[in-house]
Amino acid sequence: MGLSYLVYPGAHHTRFHHALGCMHLMQKAIRVLHFKGIGITPEEEEALYIAILLHDIGHGPFSHAMEHSIVESVSHESISLLFMEKMNADFDGALTLAIQIFKGEYHRNFLHQLISSQLDMDRLDYLKRDSFYTGVAEGNINSERLITMLAVINDELVVEAKGIYSVEKFLLSRRLMYWQVYLHKTSLVAENLLIRVLKRAKELIDKSVALSASEALSFFLQHKITGQNFSSSVLEIFSKLDDYDIVMAMKEWSASSDVVLSKLSAMIINRDLLKIEISTQPFDVTTEKDKIKKCALLLDISEQEAQYFVFSGTIANQAYHQNKQNINILYESDKIVDIVQATDQFNLEALSKPVTKYFMCYPKHKD
Amino acid sequence: MGLSYLVYPGAHHTRFHHALGCMHLMQKAIRVLHFKGIGITPEEEEALYIAILLHDIGHGPFSHAMEHSIVESVSHESISLLFMEKMNADFDGALTLAIQIFKGEYHRNFLHQLISSQLDMDRLDYLKRDSFYTGVAEGNINSERLITMLAVINDELVVEAKGIYSVEKFLLSRRLMYWQVYLHKTSLVAENLLIRVLKRAKELIDKSVALSASEALSFFLQHKITGQNFSSSVLEIFSKLDDYDIVMAMKEWSASSDVVLSKLSAMIINRDLLKIEISTQPFDVTTEKDKIKKCALLLDISEQEAQYFVFSGTIANQAYHQNKQNINILYESDKIVDIVQATDQFNLEALSKPVTKYFMCYPKHKD
Amino acid sequence: MGLSYLVYPGAHHTRFHHALGCMHLMQKAIRVLHFKGIGITPEEEEALYIAILLHDIGHGPFSHAMEHSIVESVSHESISLLFMEKMNADFDGALTLAIQIFKGEYHRNFLHQLISSQLDMDRLDYLKRDSFYTGVAEGNINSERLITMLAVINDELVVEAKGIYSVEKFLLSRRLMYWQVYLHKTSLVAENLLIRVLKRAKELIDKSVALSASEALSFFLQHKITGQNFSSSVLEIFSKLDDYDIVMAMKEWSASSDVVLSKLSAMIINRDLLKIEISTQPFDVTTEKDKIKKCALLLDISEQEAQYFVFSGTIANQAYHQNKQNINILYESDKIVDIVQATDQFNLEALSKPVTKYFMCYPKHKD
Amino acid sequence: MGLSYLVYPGAHHTRFHHALGCMHLMQKAIRVLHFKGIGITPEEEEALYIAILLHDIGHGPFSHAMEHSIVESVSHESISLLFMEKMNADFDGALTLAIQIFKGEYHRNFLHQLISSQLDMDRLDYLKRDSFYTGVAEGNINSERLITMLAVINDELVVEAKGIYSVEKFLLSRRLMYWQVYLHKTSLVAENLLIRVLKRAKELIDKSVALSASEALSFFLQHKITGQNFSSSVLEIFSKLDDYDIVMAMKEWSASSDVVLSKLSAMIINRDLLKIEISTQPFDVTTEKDKIKKCALLLDISEQEAQYFVFSGTIANQAYHQNKQNINILYESDKIVDIVQATDQFNLEALSKPVTKYFMCYPKHKD
């Protein structure tokens, strides 16, 4: 949830909670499938638990911001995989099957779909959990029922026809949670500021400016880490990095002599953020340029530096992706139809088209 | 909820709970509007509480079934009004303002809309309550937030723009609850059986067959009551009629010597209902006729009587009605847009078109 | 919960809900014991489910009132047993083991304790459920944790030492629920009135007064049923008797020509009950006699009949019974101590002494 | 809750949540008292909100540990007061009344009791909240009902007699939460380790060892702050100190060259704590001395240093304090009785006696 607690103060749940929750749902799913006669061996069961417990372990602190600043070209899935492989070595191959399932290389595809698909245990847990902790009650989904409706046909996960309204509701909740929570405009500003804090810090360190930071954070500020040089010693350091490193750094940097770094950091720490406008149309380039000039003048910084405070971008939300691990509905005992075709009225096609919005951030006007 | 507890055993909540719940939401709504500077006098406030507490008092037992059998041409709203007028006489005019608001004759229209519109306290309570007691978690709505978003413009109730996702979610939940709960196929059979039980009982009584029934129920079985002859003494008797009269009668009628009445009654009491098929297309008339013949033969009754066990019909669901107490969204401080136009992606237009389905009921085949 | 809904309007849950809840807890308990290495065979497991689902089936409508009026000398446990034996005959002996466990005749005593003891699944369900539906939040217990703490030593159910605070809390909740809910003074009046309604009806029928009642209820009013003559045909009729029979009768009897019966019935139906006083001391006999005289005069009935409206009695509550299926606490791996000795401070001994209170009911004074 | 999340992973709620919760309960309490005719002026109301929102603001990070290490002789209440006085200066005296009420210097004593007494809004919120977030369901209290039962007699807060079971339950929950959560043995070890981490850090800094720490934390490690020298500039620095400073420091110190500091820090960070024994008797001094010697030998440190890892102490819990802002029960309209005398059975006197337990911590034995 990154910095969402700045908007929804209740949202203080952790990734550990989420991992336990996914595990819990996986246990239910396995019980349901067993009950329906789908054989799952004890080895496969254990592998599913391992894979779901570890599926998010590669997320760094404020993950999405990190992916745009510090470990730029490395996805969290690939880091999760590195962790699993490290553990597999430590535990003499005990994670081999879990890794195969996680990577989708195991022959029974529905096991992979329980870990990663448009109706996986991950989504079933986080939508419900985030809805609960934010208090956005409309985002609540019926994971219990969705799991009870699961079945397996030709090694593919499907949903029994009478669960169709729950699937619709699930997709709608996903869309609602995106706009109302994950892409909430205040979180959006905060996340963009955090990306820029880290970018500025890297820039300063490249210029040999001394910056207070934990050892682990310092390492990632000083080195350009990519998928290529993400060695096991990098992984070790990465594992030490958490929210404390980032927030503590921003607290110290709020008093930095670099006006850009100190202002950006203080904005997050004091929750005194930039103004943000959202529109269905792109913003006028001239307006943005004007604001940059004004900001540069006001803060006595270069126009290039002013772009840390005045910037624009896009956000997109697509509740359902056709042709990508579809959600399939099962009729009678073997007829399978994609949810978009199966629904009788509600225009799910709309949900499968991405919606793009434009935003522009700039300092609050003080006269 | 009528006979929904045959499908959702938790659904044992009562109309009294609903009345208290509506009252509770009304208190919240008034507090919110006060806070936004909408003046509501203490007299208007009291009238709103009276009107919302009594809005459903005209519902008889298993109301919807009754309206199709016993008090055929009289709506529950008009009976609620009769009760209010009776009380108004008893309490020396203390309900006059409540009645005006209930009837929509008071000059401040938003007060009426709090009682009766597409976003009234009635709907906000029953959707949430029914979702809770049935366990159909997806039907949950965020009444708290919807109420907080209410405002009044030109004496009309509107919803502030940032509540738009909650409104969408509310309409979706409404649709989902209709298909999943209110029009659930098993409830549908049960309700249709109940209508036929009462119809058959009237028929037998017309033929002077003696039937065990409470005094109140006997009265309505013996007389044809319409809006015209619904006198205050009829109202008095009507007020004594509740679920106990109906269920007790069916329990006794299960042992009736009339095979039609006893079988229909026993089907409900023993929850051993007719089979039902649902389709998006009308059913073939020949099939129905065949089933009627077969049933007549099997039970040794006339083909006309067999139509108590073999019948077809339609159900329709329309989540949103345009041009009928619209839900209006407020932009900035005065721009008002209907929800269907206001939504950015999700095809609410679809929701405002009625969906019709066809059903056919007939005895379970026993070979 | 009998007539508790007259005090707690939310308390509309049913015995069916309770049976399902007990079953659910039993599944958890079995899973926990399995996990701790206590072998339970599939046959024993099935028997436990049957026994817990049926343990309360012998309760008639408003059970406690019935036991004092209609089926006077027959406990609901013995009727449950009759039902089980009937089903056992129908199902070719499939309930034999369930019956043995239910009666405590099976050699593994802990199985019986799961069904019936001071920490059985029955209590764990009803305390939590009644606390939830009445809204008496303090009565809430942690069934989940209590079950997780269960263990078996020498075929006896025990609670691991670290669950001790949960047991204390469970006993306290039990006491609180008794005073606050089960023995709530308004429920107490209502229940005593119901007993007297049925007693009066029997009296009138003995005098050949015609009374409207369902067939099943009529049977029990006309016959004196004891443990001796509770034949299978009686059981058949008993199975048809439910709340509807009783409430419908009282609705009709409210208009009875017998003033005692009509007044008693109307008091319950219209929730216009007798006044009740509670005291830690017995009431003065003279006061009671005076009130009886006054009542007889006022209603123009005999003094004997007036005792239907003026009466006194006692209520007792004992949260914990020593020497009767004790709750035992397990220290280390084999030391077992009764909860009363095990607790370190809180005076549980007090809880194991019965508390008796006195009550007197009489008509409300109207000047 | 300090380090309780090491035991109860769900316990991630914050002091901000608690402040909002208290505010919410205060609004309810004021509404109830208004309804009962207790006049509270708008100024008093506002002052109550200010005082309850700020009552805990003086808590530092891991407050209880801090009070034993860094700001040794200064209570959090006195720091809360310093913050309020600072704000009062900034806001031109707007907090004067709030401060008077907070200090108990205002003539209407019940207002102070709402802020601070044995049944204040603080306790009503934190017991319920901590019970919820830890999942220790037995600790749940019925704040709603307790508040509804509040009344004021002679400017003193009292509880109406019919709320007596809820008060009993509240005291029991308090006791249960103390043993089960606040004094849970694992939290106890963790808290004692944290105290020693900070103590060791101060010791090292006194010896001029360089230690990585945030500016704010460094200040408190370098200076001995007491109630005497807690100036407004100290307050300013104190306000910058939060959990991030402490946890980040421990993360860095885990790699310190000082073996005592690094081991203590790592124990908390890696949740690999000391072993703890709890007893109702004091521990034998010889055993402790032996363990100290063994530890010194094993870690190659002095015996004095070994006392960082081997130590003993006491914990005490007293659920109710007689003669200190008693909880008084109101009978009829003016008879007031202390809860301990008022209760009819349950030995509350036991609850008003402190219970003391002894603990000893030492390194886990590794053979």
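Letters A, B, C and D mark the chains in the order given here, with residues in each chain numbered from 1 onward.
One rule holds for everything that comes next: contacts are C-beta pairs under 8 Å (C-beta built on N, C-alpha and C of every residue); 3 or more make two chains touch, one makes a residue touch a chain.
What you see is a predicted model; the values in this text were computed from it and never measured.
Undergrad: Between subunit A and subunit C, how many steps is the shortest route if every step has to go to a touching chain?
TA: Minimal hop count between subunit A and subunit C: 2.
Undergrad: Identify the chains in contact with subunit C as well as subunit D, in label order.
TA: Both subunit C and subunit D are touched by no common chain, going by the contact rule given at the top.
Undergrad: Quick one: report the Å distance separating subunit A from subunit D, using the average Cα coordinate of each chain.
TA: So the centre of subunit A lies 35 Å away from the centre of subunit D.
Undergrad: Calculate how many whole Å lie between the centre of subunit B and the centre of subunit D, each centre taken as the average of the chain's C-alpha atoms.
TA: Result: the chain centres lie 53 Å from each other.
Undergrad: When the C-alpha atoms of subunit A and subunit B are each averaged to a single point, how far apart are the two points in Å?
TA: 43
Undergrad: For subunit A, write out the residues touching at least two other chains, lowest number first.
TA: none
Undergrad: With touch defined as at the start, can you tell me which subunit C residues reach subunit D in the complex?
TA: 136-138, 140-142, 144-145, 165-166, 168-170, 172-173, 175-176, 179-180, 280, 344-347, 350-351, 353, 355
Undergrad: Which residues of subunit A touch subunit D in their complex?
TA: 9-10, 12-14, 16-17, 20, 214-215, 240, 244-245, 247-248, 251-252, 255
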